[in-house]
Amino acid sequence: MQEISLLLAVGLNHYLILSAILFTIGLSGVLLRRNLIVVMMSIELMLNAVNISFVAFSKYNYNPEGQVIVFFVMTIAAAEAAVGLAIIVSIFKRFKEVNIRFFEHLKG
Amino acid sequence: MGNSSLEIIINLAKTVVVFLMMVQAVPILVWLERRGSAFIQNRFGPNRVGPLGLVQLLADAAKFLNKEDFVPDKGNRLLFYAAPVFALIPAAVAYMAMPMSTPLKIGDSTFLIQGYEVNVGIVFILGISAMAVYTMLMAGFGSSSKFSLMGAMRASAQVISYELALGLAIVGVIMMYGTFNLTDMVLAQQGAFHFSGFGREFSLSFLPNWGIFYQPLGAVIFFAAAFAESNRLPFDLAEGEAELVAGFHTEYGGFKMLMFFIGEYGHMMIASGLMTTFYFGGYGIPGWTIAEVYQTGVSIFGSETGGSIFSSVMHFLSYNVKFAIFLWIFIHVRWTLPRFRYDQLMDLGWKTMLPWALFNTILTATVIFLASQYVI
Amino acid sequence: MSMDTVLFWFLSLIVIVPALAVVLLSNPVYSALSLVMTMVGVAAVFATLNAYFLAGVQLIVYTGAVMVLFVMVLMLFDLKHDLQTFSRGKVSGFLKIAGVGVMAGLLVGAISLATKKPSLIVEGSPLANELAAAAASGADNTKILAENLFLRNMLGFEILGVLLLVIAVGTVALSRSKGGTHARD
Amino acid sequence: MNHQALIAILLLAPLVGFLINGFRFRSQNYIAAGSIATSALIISFICAVILFFELVGMSPESRTIKAEFFDWIAVGNFKVNAGFVVDQISSIMLLIITGVGTLIHLFSIGYMHHDKGVTKYFSYLNFFIFNMLILVLGDSLLTMFVGWEGVGLCSYLLIGFWFSDSAKAAAGMKAFITNRIGDAAFLLGLFILFMSFGTLNFHELNALAPATMEAGWMGAVTLGTLMLFIGATGKSAQIPLYVWLPDAMAGPTPVSALIHAATMVTAGVYMIIRLNPLFVSAPNTMMVIAIIGAATAVMAATIGLTQNDIKKVLAYSTVSQLGYMFLAVGVGAFGAGMMHLMTHAFFKALMFLGAGSVIHGMVDEQDIRKMGGLKKYMKITHWTFVMGWLAIIGFPLFSGFFSKDEILWNAYSSPRGHIGLWIAGVVGAMLTAFYMTRLMALTFWGKSRVDQSVHPHESSASMTIPLIILAVLAAVSGFVGVPHVISEYLGHIPNFWEHWLEPVIRKLPEVELQSVTHSVSEEWTLMGTSVVLALSSATAAFIMYTKKLGSADKVANAIKPVYDLIDNKYYVDEFYFGAIINPLIAQSKKLWYYVDVNFIDKMTYAVTDFTQNTGKLVKTLQNGNMQQYAMYISLGLVAVLSFVLMR
Amino acid sequence: MENNLVSTSILSLIIFLPIVFAIVLALWPQKNTIRELALGFSLIQLGASLFLLKDFDSSTAALQFVEKFNWIERFGISYFVGVDGISIMLIMLTTVLMPIMILGAWNSIDQRVKDFHVALFVLQSAMLGSFLAMDAVLFYTFWELSLVPMYFIIGIWGGSRRIYATVKFFIYTMSGSVLMLLAIIFMMRLTPEVTGGAMSASLLDFYKLKIPFVGGEFFTPQTLLFFAFALAFAIKVPLFPLHTWLPDAHVEAPTPGSVVLAGVMLKMGTYCYLRWVIPLFPEAASHYSWLFISLGVIGIIYGALVAMVQPDVKKLVAYSSVSHMGYIILGLFVLNVYGMNGALYQMLNHGVSTGGLFLLIGMIYERTHSREISKYGGLASAMPIFTIIFIIVTMSSIAVPLTNGFVGEFLILMGTFQYSPGVAAVAVTGVVLGAAYMLWMVKKVFFGPAGEIVKAAAHDPAHALHDLTTRELVVMAPILILILWMGLFPNSIMDYSKVSVDHLLKNQQNYSLEVE
């Protein structure tokens, strides 16, 4: 019964777990993928996951601040993508590849 | 909800209907375009198959369906196939949010004459239609052809660029009406021209209360941007249909090509619909308010249901008339204006329209603020 | 089995399957397109959470702009000779996968343990009532958001504006190419 | 004219002379420089004479003139004024300094007239006199110390006067540093006395001197006075710090006469006499002083036997004579010590000036083996030198005879004396007679061994007049303190000296005095013995160095090892350099190299290296692989999460 | 004391005038008048400090000319400055040396002149601030601020190994300060028990603290705090064995840098012992005085021995500084009236005489561009006036009576003797060694036959060794006057500090300062 009700009564938990799963998927992408663009996309995934939990909290706590944050996050994500892609493009121009190991050239 | 299953069924049916409506409008538009262009160019156009060449379209459809399903050798099959399908979806989904008439009330049930009502309709439509870009990109990439890819790039860059101007033009409207809801906007444009502000009332009885009178600049920008959004002349750089290869769908043929056509015309329809809704009173009839129409219907049919049906029908007609006019303008413009150069296109988008749209936004905001705060 | 429940499970699938595809598919173009799918799903999730405006914005910003950029860039690069998909290193690979797995488990466990109570706001308190009333009418949702954004978080908003300006300039500077019709030097 | 102004003029006159000459130091006008300096000294001398007669006019018990100018240092209980005092002891010193000083200044005019730095020379001389006056007039140990160091400084400057000769500059440095060693001990003594008595004022210290004799070595008085005595060994060139004085002969000869014979080197003796009540209370110190004095007297005299440089002979003679003075004060014969100080000042200044005259006449030749027979070339120099010679060998009725005899008698007869001390004294006297006669013989008598190119000549009047005056003084000054035994036969000449000093000299305690009794015949016997021995040794020397010139070498060859030892000055310099100075420098280099460069810096480098190595270690984590960074972050997150959950 | 603006805010004026000057100099458009302007400014500054000296009341130990404003109220940090007998003379030393330094640097600094003077003025402000600050945080601010201009002075205008030297200098001093900052914060957290609740960084409140102390145990608050402070200051002093930065810094620094480093900056360390360490941690200070006395004595002898074998003049003087600073530490930690007065006096002496030596070395370096002792010799014939002045300053450095050095050294040794005769007996060897290395150097450089450099100069008229110019004489005149004046009339200067020192010694266990 317990399990069925868990399946049926969708609440905050469900959204948070969805968010958590999405987040870890994104994280694994960041950790494992070699393609810089995919890594950035995984970062977007993580951001989205967090956004979901913000919105969910916002709804279940009746607090619109959560949505404001999401708004901000989106804006920053867009900015990040722009800059990130610009960097990636310049890396691509230099190396004709977008492997993340090219960033190792930047170490001190 | 007691009658929820019924509503679900009816709503689903409604979506199908609206989608079919949209799809079916395409052959008509194609015919219209071909005939219209023929007249403009002083030729005959399709006139052999059926009366006035109307059946030509069916013949064309048959031809499309029977054409060889050609896939470029090194192309990406998945994307190549997915692209035309995706071309349809955004247009259809967006179009469904368009309010086309007053709700139909039959008994306890109310049926909206639109696919579904979205609270933040504008945002929704913009968001969905923005996805059209992927179509081009997928097609361009999937074709594995330089021309396709270049066309896709150009087209998508263009779309993204003009989306800004488009969106900013709408901001003025949104501020003015204070809502994202399209139906609310239509309702706000009822009656004769009047507004209150600066501590007094203004009214002009001979003008309808349309957005175009409040947002002329916005309307122009929106309309121009809409052309660019739908990749039509004078902004069809990506395709260069008349003289170059056909842009991102160079490699396409047959039914897949048809789907792209449908998608493109769908965009045109969305643009026309939005134009109508934002600036030309939506489904409203100039000089005849919704309540008056409803009352007339009630008086004619003697029942509220009848009044409702009458109102819906009348407004649907009104909407479609305006809609058709804008569609015609699209077609007309296509065959009358020359094409921009690509850098001119970008300059226009970024250096002319965007600043003006910004100016419009700021002007609107200032006026609204002043009107609400100060008395003349 | 209400509509919401069905929608949630459906959308979960819509979100998670493409998300997995993003990470697992070796062709980055497919990854990007899968991500678009996820974004749309997330937008839908927002909509189920009554955040319609955000859903729209999600569509406009993410699918309409950000992801387009990604896809464009990917297509521009046209990475035919695909790279090695996953990073090498047995130990670090194991650590990464284990870390992610453990984190997923921990997060899920933590969430299901921690938030038995759906709301963090004391029910029946004036604030809760007020907010509940505000939230009840979906129409006002956007307005509340707007008020929050432009009244309480004005500074943040302005800073974001500045950030965007900086980003714009920075991006132009970064991607300035040599040669071409617009070349300056 | 009040006393304070007199003392001020006395002090300031040389200072003003110093300043005037100092500011025009580039001038080569030796007449101007000399007259400025000399007149400053004459002014001082006049003041000194006036002050002396003021004292004479006073009653014996209250013979002090005090002058205080300003508070110098006043911290806590410690207060020292710029205070000066003229009493029986300092007045004699005053007269000697200003008197002999004037004569030497005068002599210098002639001696230095060809030198380029003559003005500088005179300014230094005046400055020396100024410091010497502070030394003797100061009413406290600290004021004395000011002069004490000041004369050291001047000595340094004057020894190194011809600084372009590296050896001469080194000699100056050696003098200063050796003196500094003594000064360091002097400072310690000063601290000890201040901590025990709470004052550094001579009169107060003397008044506070304990009545009972202090036994043992670690008592405040014994230790304090010992420390002061070490200071005195430095300044007065006693064992073990005498080594600088022979080297100090590098300076101009009048400087040697003034500083290294007549005045500065006697400062140690003067200081002990100044503090005689205190020293009396410390018999152990007195014993040490006496032994050191006697030892120095003998040892320096032996070295004097073999020296061939005329000034070096005189220098060792000075060391030896100073030894006599210390022997005197060591046995409690402060009066005798003081008297020998005075007579020595006269005859040694005379001999140095005479030597200077010889050197001048020989055009800077100092080696006595290249002289001889100078008697006929420089008559005045010869005869005045003879006076000095007679005085120093203790020829009866010459000044040296009285003072030296008094010392020898006291060395034997004093309760703190000892027959051994007397024997040492007599041996010293014999040796003195021998080497002085040798000096005379080799320089003035016998055949001339002068180089053909050199034409010896008598010096000018400005040089001979001081010689004559000093010769007279050397001859007759002994009569101010004629011993009783002799005065009985000379018409009862009163012992002015004893009367003059009596109020300020503390007698040895009655207990001790009564423990020894000596008869007059003993005194005669001893006196006779010493005189006879000295004169016979002088005769031997005369014969060896005039009649049988080769015999000296034969003797030397006969006792070769001893001769070599003596000829090399007992290898003391070599010992000091080998055992102390060179190891010190070598160890310092090692210290610097091992401690500073290799230990402390290496330690700090170790710290920095540690930081850097840690950084390098951590740097490997920062390999540029961003996914690994992300991994660390996520692992950290996992850790935090697990911690939060498991808690 | 009139209540006009100048007298009530004279201390702020003295601290911040140099900053104003620095700003004016930085903005000054004409490049060729910078030196004159800077000199004028430094003279104004000297005038201001003389004004302070005139109004200073030497008969009281209380804090005078106090100014106190809240700075960071939440932590009780205030802008709190005041002057008493301990600091007044160091203020004078700083302001007196400043014009001398500027005049001395007239020719030796020939590039980035403006920057140099700006740095110098900022440095002066920082040093004055740290002497006058009565608030721990304010003090720390100035203390750290003083490093920055010095860093640039050595790093920009220094010799060939300047970067090494300046980094060494900076890291050494910084690392000490960090501990001090910790200690200050710790003490601030203790202050509520004396102020009744509010936190305070005021030194006067620190004085009231009773910090627990257990003799023989290292890990007691007072002992730890004591060592935290003492270490910071010991590095600055510098106390053996933390001295190795000093020779490097001195050798590489330009002449004015060396002067200010030896003249004033080292005094900041010793001054702070007197101001902070001894009154704040009385039990620990007396309990561990043996340690500092031993280190001081080792420093005296070690510095002297090592100085004796240095081939470089500047390094020799630098090591002599180590030796002299050892005397000061010794004087401070014997904790009696002689030692402390002597130490305070010796701070001034060392500033004057070592500053003078560095100036003189700078003058000769300008002419010959060499500091190697072995290359010199016979300089006295070529430059007699220079030689005379050098010898006078040397005499001051080796503490010959009637120069200033003697008074300080004598009092310190006397204090040491009172503490322990044995220690004094060891320390007194420093007197001998001091004479040895200085005279050795004088002999090698000035005396003897003409050395390499003098010979070269004789053959080459372009590099002729001309004697001191008028400007250089003017630079040295105040130094000589001070040397003799302070040697002859020490009371005229010690009178300003005696009351304060007495007060400190009498109430060492229970120190407090009144505010006038």
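So that you can tell them apart, the chains are marked A, B, C, D and E in the order they are listed, and the count of residues begins at 1 in each.
What we mean here is this: a residue touches a chain if its C-beta (ideal position, glycine included) is under 8 Å from a C-beta of that chain, and two chains touch if they have at least 3 such contacts.
In this text, all values refer to a predicted model and were calculated from it rather than measured experimentally.
Shared contact partners of chain B and chain C do not exist in this assembly. The chain with its Cα centroid farthest from the Cα centroid of chain C is D. Set against the C-alpha centre of chain B, every other chain centre is closer than that of D.
Once CA atoms are averaged chain by chain and compared with the all-protein CA average, the nearest chain turns out to be E.
Looking at which two chains touch through the most C-beta pairs, you get A-C.
Centre-to-centre separation of chain D and chain E, using mean CA positions: 38 Å.
A separation of 60 Å divides the Cα centre of chain A from that of chain E. For this pair, chain A with chain B, the centres built from the Cα atoms lie 33 Å apart.
Separating the CA-averaged centres of chain C and chain D is a span of 99 Å.
Shown for chain C are the residues in touch with two or more other chains, namely 53, 57-58, 65, 76, 87, 96, 99-100, 103, 107, 141. With touch defined as above, chain E holds no residue shared between interfaces to two or more other chains. Counting partners per residue, chain A has 27, 31-32, 100 as the residues that reach two or more other chains.
The set of touching chain pairs reads A-C, A-D, B-C, C-D, D-E, using the touch definition from the header. If you check the complex, the residues on chain B that touch chain C are 4, 76, 78-79, 118-120, 122-124, 126-128, 130-131, 133-134, 137-138, 140-141, 149, 152-153, 156-157, 160, 163, 167, 180-181, 343.
Residues of chain C touching chain A in their complex: 1-2, 4-5, 8-9, 12, 15-16, 19-20, 22-23, 28, 31-32, 35, 38-39, 42, 45-46, 49-51, 53-54, 57-58, 61-62, 65-66, 69-70, 73-74, 76-77, 79, 83-87, 93, 96-97, 99-101, 103-104, 107-108, 111-112, 115, 118-121, 128, 131-132, 134-135, 141, 144-145, 147-149, 152-153, 156, 160, 163-164, 167-168, 170-171, 174-175. The touching residues of chain C, counted against chain B in their complex, run 3, 29-30, 33, 36, 40, 43, 52-53, 55-60, 63-65, 67-68, 71-72, 75-76, 78, 138-139, 141-142, 181-182. Across the complex, chain E is touched by residues 25-26, 70-76, 78, 142, 145-146, 148-150, 153, 156-157, 160, 163-166, 169-170, 172-173, 176-177, 180-181, 183-185, 187-188, 191-192, 194-195, 584-585, 587-589, 591-592, 595-596, 600-601, 604, 608 of chain D. Looking at the complex, you find that chain D touches chain C at residues 627-628, 631, 634-635, 637-638, 641-642, 644-645.
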